[in-house]
């Protein structure tokens, strides 16, 4: 065991001299490097392809960097690509996605945070049952519920119309989609908030109640300010989730209001003559840009948030 | 939201003393080059009436688009007009009272006398009322052959299916794909249908598809059809594209010998600037049985509760069948017009062949007209598997096919 | 200031009338109406509705009066496409569970070894998670394109016999999808597990070092067992994602070649809307639900059934 | 023979010097306590000795062997942690034997050692249990047992009792002392609790800012603190400090006109010379009642606050313009406002230079 000590009679002193190229380190960094290639390859291919012209692509190497850099595919993807006779590219879908995104994120998080708060601090008879159903709901395949929800939205639209006297349509409108996103975002967000609020010292809550604060006062004045980090996490999760949604976007909106992912799929599948891989890749990049920016900008918060939410689960 | 926009627009036009005008949202799945050019003829004509065509194209195939169309109609947010293959797809929607009755337009315009073949209008008719406007006749029974590919391979362009099969080897040796095929289900199923009519003859086809004769489906005549399809499958083994027009592109560029595809493929040749008889050849009924099926596209008009819109919907319906629009649209689309009374002298060779066959009355009903969507879906599932799995034996596929026919409704 | 645990503070013990239970925590109940609605009407209501209609011959429109019993299920289980879908889901599900956990944990453990550039590596591994399945599917479709993608490039390098065309080979297409799925999701699992690793008491590591236990043994015998709850969380998150696989398939293969990469979710959507056979779609979705329950109930029982210790 | 030697040990975290040229010799069988406020580097030092931290400079010898570059497991140490660091998925027995199994110690030997440790620590009935089913004290015993089975000469304790409640802490303290007596191993023990330090240690090393302030026996540290910091840190209630100066003669300390005779003060560094200084008087050094008259220093004070502690009573007052507290018997009946005469011998106190704060 003691053979590890000095090789050449040097008295061990100070920091143990370490070889940089130990087998362990080679393995470690080697593995990380190989993994990095796997994770980065698609991004590289996307960028490279989107900057090539079609003749170059036909030469047939997805990995070779563009000889002549052209931004035309990007321009085309953003403003000119056609679906049917509409040739305004992805730009329309981008704004639609923004319009869908903002209310969906705000409403879904508002409701879920209140749920989480009530479930962790204001338990009532049956609250756990509802929560359990909710969590089970997260596992129910969407397909099971889509059709009834279509009907539900139609009927609620009619009921609302009758009450308000004006014509309200939930199906096909942005609000219908907002409701759907709120419903399907609810399980995971509620879980996130419930776990977070459950970790708040109960004394704080008790002290506030002794001071006479009620449900909403405690929520707005004590819990909300404390929960800021988890709100950031929820926002990040929802923004990426809703931006990336395809299934609901395709079923619950119409061409006017198609979100970007749906339009991306439309553009990519609208083949006119040959497939324009460069335009497709540019469109793909454009669609992925928003969540990527959010991700890179939020960096550590994203990670910290996932940790806070998921680990306790 | 839309409702608000349209009313204000309408009010504005009324104030100006013009005829009523509305924005109509029209959904369809015509997104390839030729298709988009054709549909813009509709839009142009409709916009000329002072109304506005709001295009709601859904890319992919009818398979992608139909769920969206149907779910919107069911969800209470119907578009103002929509493409559907006429036939049995809209049956239930009509029965549920979700579609606008076009009988008065049809009567005023005399559709019953104009539309040829009459079966097209029959498919639009439920309980004596007309619910859709047929816009074109599409037939599946064509094979498109690339002159360049055969020139490269050093063989003559075949003039019928048998020649095509025997020339496959030469093409393969020249590094070509004998038969270009997209891998989507409807293409597999369609190509099989074509082979079915060509090899088995129209009577067999009718017996199985119209009379749902499962015995015929399992019979020896049909076995030959499956063998032929299996041979075609082998010829298409190297065709790895998804979309039909990518496959067509293989033919256009001479990478493939031929493609079994409906007459809409013609639009692609046209967009590519190719000339029938010179750059490519089309053989109706695969050059065996010169017969065409007369399916096609039709427009349905989901019921709205706004009289302004309804008026505009009827105007659009009228427009779609007007002679001028029919000519312009069908020339671009490569399909045949639904009216027998218009002049198509500017049509190309292939289209003229089709018109002749139509005039001669060698017609079949289309699969959409005789089979329910459910049965069609099952056949598509079977066919897409059969065409893409070389190990799926013809006999197994036939047995499964007979089962589906036996259960068809 | 001492407040007894759980005792309702609002009600004074002297009053003879007990406050109505219904009104206890009334605000909380009102505030959670959206949740209660979602749980009861959407999750339960819609599910029951769907299950009921799976026993009917509903076609384009729901037809509750056309009761046909188990017909739809009989047809479902004799449909090849469905069987292929189930098989694919099983293969994809199993592989993706195992690979996500193995890759996720390996990367997390490597990043936890106090390496240089941890932030950069983590960013690289996690960014795909921000992208949609549509984007993921399209990119990998392009990379795996036999003509232009990896296969083509390797062949051009001179290795002519090299074949790697998962998207065009029915036998391995599901693994082509797996490559993309893992690419998209494993970073997320890594982050969760990394957070779990960071949550492990430093002293445990010190103790094992003092005892001379090699790092890999410490991971296997001490750290991983300690992280069981986190693994369960990760497992549940992966499983929930697997069953919903739809977008990825639509974008990457559309179920092809043939029907070799079909999945249940796609079957359901297409039967429901495209084939206009709601009853069949509902039957298929009910089977999906059933398979979820088969996995979920034993887990929930193990997790919550016994009294929670600790 | 010294058992553990730390030579010129220096540790830098980046630009921050955490430990600065430390030199400590620990005798075989000695119980050394590293005492200090949090952040003083005591735990860091322990981790360096254990080999859990790479040092920047210096040497560490254990059992006469230079172990500076050796892995923790090769140094012949056992370690006990504040959070116990038990492996939660293993039974107590598993915890005790895991390291041995890993070192391929023969099975009978493992069984023997586990049995012995369990016997010494009286945890035999707990062997099959999981850590989660143990109380805090039991867990800590298991943690000690894990060090015990390693059969090593040096035990390192990193605040082992800090997570326990006061009563249990006192009990385990006694047990630890007994254990040390029984085993006679070298023990290095980190704590911030001076009671633990005083009661357990053969010698205490008081640390501050990465530097050892004084290393001496508990009574030496208590009675002859080497500087003002040590004086203030050791002892509860805290020592009283008077600010003032030593008069020319060196025989008197003057603070706010009050004179404290220093006759008999044993100066550490030669004779006392006139200079500004601090005088430290322990609260326990104050005498009241009839013996007061014999004290070199007496004064009349007014009681300001009384804190009865049971065994004794703490009195707060003002002396020479400084807050002053002293201890009386628990039986004393004193109330705020009472007048008292107190006395003590300033020569028994400690004098610190005003600028260096070192003991004079």
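Note that the chains are named A, B, C and D in the order they appear, and that numbering of residues resets to 1 at the start of each chain.
Here is the rule we use: a contact is a pair of C-beta atoms (placed from the backbone, for glycine too) under 8 Å apart; a residue touches a chain by one contact, two chains touch by 3 or more.
The structure presented is a predicted model; accordingly, all values stated were derived computationally and were not measured.
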Length of the shortest touching-chain route, chain B through to chain C: 1
Chain whose mean Cα position lies farthest from chain A: D
A-B compared against A-D, more contacting pairs: A-B
Cα-centroid distance, chain A relative to chain B, in whole angstrom: 39
CA centroid of chain B to CA centroid of chain D, Å: 92
Length of the line joining the C-alpha centres of chain A and chain D, rounded to whole Å: 54
Euclidean distance of C-alpha centroids - chain C vs chain D, Å: 55
For chain C, residues that touch 2 or more chains besides their own: 147, 269, 272
Set of chain A residues in contact with two or more other chains: 147, 151, 265, 268
Chain D residues counted as touching two or more neighbouring chains: 71, 74
Pairs of chains satisfying the touch condition: A-B, A-C, A-D, B-C, C-D
Interface residues, chain C side, partner chain B - complex: 59-61, 75, 79-81, 84, 146-147, 168, 170, 254, 256-260, 269-277, 280
Residues of chain B defined as touching chain C within the complex: 63, 66-68, 70-71, 74, 89, 91-93, 96, 183-184, 240, 242, 372-374, 376-378, 381-382, 384-389, 400, 407
Sites on chain A touched by chain C in the complex: 28-29, 31-32, 35-36, 38-43, 45-46, 49, 57, 60-63, 111, 114-115, 118-119, 122-125, 127, 130-131, 133-134, 136-149, 151-152, 182-183, 186, 190, 206-207, 209-210, 214-216, 240, 243-247, 261, 264-265, 268, 277, 280-281, 284, 287-288, 291-292, 294-296, 299-300, 302-303, 306-307, 310-311, 313
Chain B residues within the chain A interface of the complex: 1-3, 25, 27-28, 30-33, 36, 39-40, 43, 54-60, 64, 67-68, 71-72, 74-77, 79, 243, 245-246, 249, 268, 271-272
Contact footprint of chain D on chain C as seen in their complex: 201, 203-204, 206-214, 217, 221-222, 225-226, 228, 309-310
